[in-house]
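Quick one: the structure is below, questions incoming.
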Amino acid sequence: MKTFLTTTALVALGLAGPALAEIKIGASLSATGPAAFLGDPELKTLELLVEELNAKGGINGEPVELIAYDDNGDPNKARTFATRLVEDDEVVAIIGGTTTGTTMSILSVAEEAEIPFISLAGAIDIIDPVKPFTFKTPHTDRMACQKIFEDMQKRGIASIGMISGTDGFGASMQAQCKSVVGDYGITIVADETYDPKDADMTAQLTKIKGTEGVQAVLNPGFGQGPSIVTRNYKQLAIDLPFYQSHGVASDGFIQLAGTDAAEGVRLPGTALLVADLLAEDDPQKPVVAAYKAAFEAKTGTPVGTFGGYAHDAFLIMTDAIARAGSAEPAAIRDAIEATSGLAGTTGIYTFSPEDHLGLDLSAFRMLEIKDGKWTLVE
Amino acid sequence: MSELLQFLLSGVTVGAVYALVALGFTIIYNASDVVNFAQGEFVMLGGMTTVFVHAAGAPLPLAVLAAIVLTAALGVAMNKLAIEPARGAPVVSLVIITIGASIFIRGAAQLIFDKQIHSFPAFSGDDPIRIMGATILPQSLWVIGGAVAVFIGLWLFFTRTLLGRAVLATSNNRLAAQLVGINTTFVMTLSFALSAGIGALAGVLVTPITLTSYDVGLGLALKGFAAAMLGGMGNPKGALVGGLALGLLEGLTAGYISSQYKDAAAFIVILAVLFFLPQGLFGRKSTDRV
Amino acid sequence: MRLTQKSATLLALAVIVALAPLFFPSSFYYRVGALIFVNGLAVTGIVILTGWAGQISLGHAGFAGIGAYACALAPVHLGLHPAGAVLLGAAISAVLAWLVGRPILRLKGYYLAVASLGMGILISMVLNNERDLTRGPDGIDVPDLGLRGALKAAGLDLSNGQFWYFFCGIALLLGAWLALNLFNSPTGRALRALHGSEIAARTVGIDVARLKLQAFVISAVYASVSGSLLALQNKFITPDVAGFMHSVEMVTMAVLGGVGSVAGAIFGAAVLTLLPQVLTVFAEYEQLVLGTVMVLVMIFLREGVVPSILRKIRGAGE
């Protein structure tokens, strides 16, 4: 309230730049196309949050307008829409980039126009090296690999097989896992891939199964691929620990793979999946519970990690605008970078000039599926 | 040994899926010389409609029936609205029309259904059947059985029934077919209904294995199309053999060479076959009219 | 003085490129314009291949992919200037088209369609899978062309959007000029004879196979250069540029506008490039609208929008 008063005073004096009338936030998401599985809940989340926020009076009393475009997962279209958001709609900030490809396209437009941009994609290249106006909410895929390898190390696993999707998500995580696996004294002895549209992966799994010394299997991927891999894993009765990635961290995965096949699968997930299991004093508990309830009530579909990324991006953005007391892009950027200890669904964000992701490994929780339910490991 | 067998079973499972999609192409092609790029959307509709009708409370068999009938009706509508009016258009226009129709159906499906991935339970459970150390899911047998049944049905239809011969006659020479008293408009309607119905049946059978969503059609259509071409367009035997060959090729390449380039191997073989047999393995020979 | 169709097309195009910016509501439209010109260049190639020589390709995005990745890779690995990389990409595309074209152009209709489709998919698969070189599906940065900076030093300061608008506009004009010259050359006439009837063309002594191959190679170069321009403009490229849907898009643009005429094809490129921008409010219905437009135009304006309308106008005038 105090900030609000100061801001109004400043605006009255004409010192705080343009008044906070209709704060325009832009978004370019892959609501259709090959990444629709991720982009669709992201868009619905943003729409839901804007509605909620405006019903509560907006930011510092000013309503937020969301201008969202569907880029079909096409990086070229994403660049066009980012240009449109900046030059035609004149937004003060951009959320989006469902995939790494679309993010890289939006990124260069946002950086050139000096508009703060929060990406929802995984690759580490987005924020490493740090670019002044670009931030992101999902953990990097490298962190997912590290979390998984940490867990494998604890279980005494030293050699593994990998089966990865050839889509951007799977391929990027496969590469990151291969680059950090040595740090954990683990070797990858079998390395297979599948096309995301494939109907059967028993051939690849048979090869992994027949490889000497495999102690566990890791499947980076998203969409239907990992569900089919999980079913085939059970079909072949492979009796080794099985790890999935955060790409399938949603109740939908258990349904599609089947409770039986999914039994014992471990993956690095977020607090969102285990909302009920969180300790009462867990700082993420209130925000996770509220988002889960609102999203599931509005869409009738279970929450997933990816919608959570959009939730956190919007939270960080609106929190920054409120603290900046201004809808000046440069002021918003500075405020985002100063975000500290902000609890989102994915983790607790603390940004700094050197760190535009603001999460560490503790944001990931190692989950295991038991009797069709997510449980916390350890 | 059991590894090889598993690669083969994997290949047969995938191949049967391609064969079912490819079989759908044959009828329309036989009746009208149109390759229907929307065939994959029929497969998608079969799966998605079943999922949603089933979710609305109908028992699975009823949902399956509803899906097949609705999709067949849509096939007829597509013929009346998009294909009949374009009679005589060049191949490239027909390609654009059927791709346009497929984009339209996909767009409608994402509005009517949703953008999530769905499935329904396998017909005979999920317990794998063991054969000499390798395994196959009962649902794969349903798909293989479906492909063989559709193949036999089509083969009988085209060779043993008057109606089937009428379809072939219409394809060979529409005017001559009309002159001998064949109702070519009815033949066209029938072939679209049959093709769409077979597509929907394929979608129903494969969904417990491949899962389904509003955008699975294109990928299936491309593979089915390639399989039909490999075998020779318009020949049910070609569709069956082409589909199985493509699936086995993928399974064996993934098993023995590189899973990354298994699709590449499939397309290289198709290019090679077309190079030596420009009409595919079992295709009709045709000569150009001047 | 009566304008020939060639000079009329080029003049109209030049006037549009030069004057359209006067009507832009915001600088964003330079971006849309530049995309239209890049797509226009690719479909001009399709006009030569499909409209004049009568051959289908559902794999031309593969050549766009080669042009695009040449610009991303050659400057880094071979030390080439990006402009040189455009030429290198075009050369690779031409050689590949020549090699692949010889066997597959013997095929007809749908068989050619599936063969070219296979070729396109193979190229996009290599771009996706050879991560060590192409960095895989997440895409790769493309170096700056450097021309905008040079112009600025010379006193002409254009914004990024303006620069690419005029640069691609000039490239399209050049491409259209070359295509229209080809149309009026003996080769162009032979091509059109081929489209009419291959057998008739052969009987009057036209080397059909060689001619088809020429059209295939030329159209591949157009696609490649368009891919290069897209990559340089976006300074970032992903394997999507070589994807099946991009191939379909090229053919659709050309056929909707009128695959027999350069002006028609460019018009088709403009319409389909604008469509997603116009439909953002109804983004959910975009696919429904696109599908409907494709079907309706093919049924009611079979030669494509521009030739059908021109015919009606001429018909009314006579």
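Each chain carries a letter (A, B and C) given by its place in the written order, and its residues are counted from 1.
One rule holds in what follows: a residue touches a chain if its C-beta (ideal position, glycine included) is under 8 Å from a C-beta of that chain, and two chains touch if they have at least 3 such contacts.
Just so it is clear, the structure is predicted and the values come from calculations on it, not from any experiment.
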{"item": "Topology of the chain contact graph, where touching chains are joined (line, ring, star, complete, other)", "value": "complete"}
{"item": "Pair exhibiting more inter-chain C-beta contacts, A-B or B-C", "value": "B-C"}
{"item": "Intercentroid distance (Cα basis), chain B paired with chain A, Å", "value": "37"}
{"item": "Distance from chain C to chain B - Cα centre to Cα centre, in angstrom", "value": "32"}
{"item": "For chain A, residues that touch 2 or more chains besides their own", "value": "31-32, 166"}
{"item": "Chain B: positions in contact with at least two other chains", "value": "110, 260, 263"}
{"item": "Residues within chain C bordering two or more other chains", "value": "129, 286-287"}
{"item": "Parts of chain C lying in touch with chain A, wherever the complex brings them together", "value": "25-29, 31-32, 35, 128-129, 131, 136-139, 141, 160-161, 230, 234-238, 240-241, 276-277, 280, 283, 286-287"}
{"item": "List of chain A residues in touch with chain B within their complex", "value": "31-34, 36-37, 40, 166, 192-195, 197-204, 206-207, 210, 223-224, 227-228, 231, 234-237, 252, 255-256, 258, 260-261, 301"}
{"item": "Residues on chain B engaged by chain C in the complex (per definition of touch)", "value": "35, 81-82, 85-86, 89, 91-97, 99-108, 110-111, 218, 222, 225-226, 229, 233, 260-261, 263-264, 267-268, 270-271, 274-275, 278-280, 288, 290"}
{"item": "Chain B-touching residues of chain C, taken from the complex the two chains share", "value": "50, 56, 58, 103-104, 106-111, 113-115, 117-119, 121-122, 125-126, 129, 197-200, 244, 248, 251-252, 255-256, 259, 284-295, 298-299, 302"}
{"item": "Chain A - residues contacting chain C, complex", "value": "31-32, 69-70, 73-77, 79-81, 83-84, 86-88, 99-101, 104-105, 108, 112, 123, 125, 166-168, 171-172, 175"}
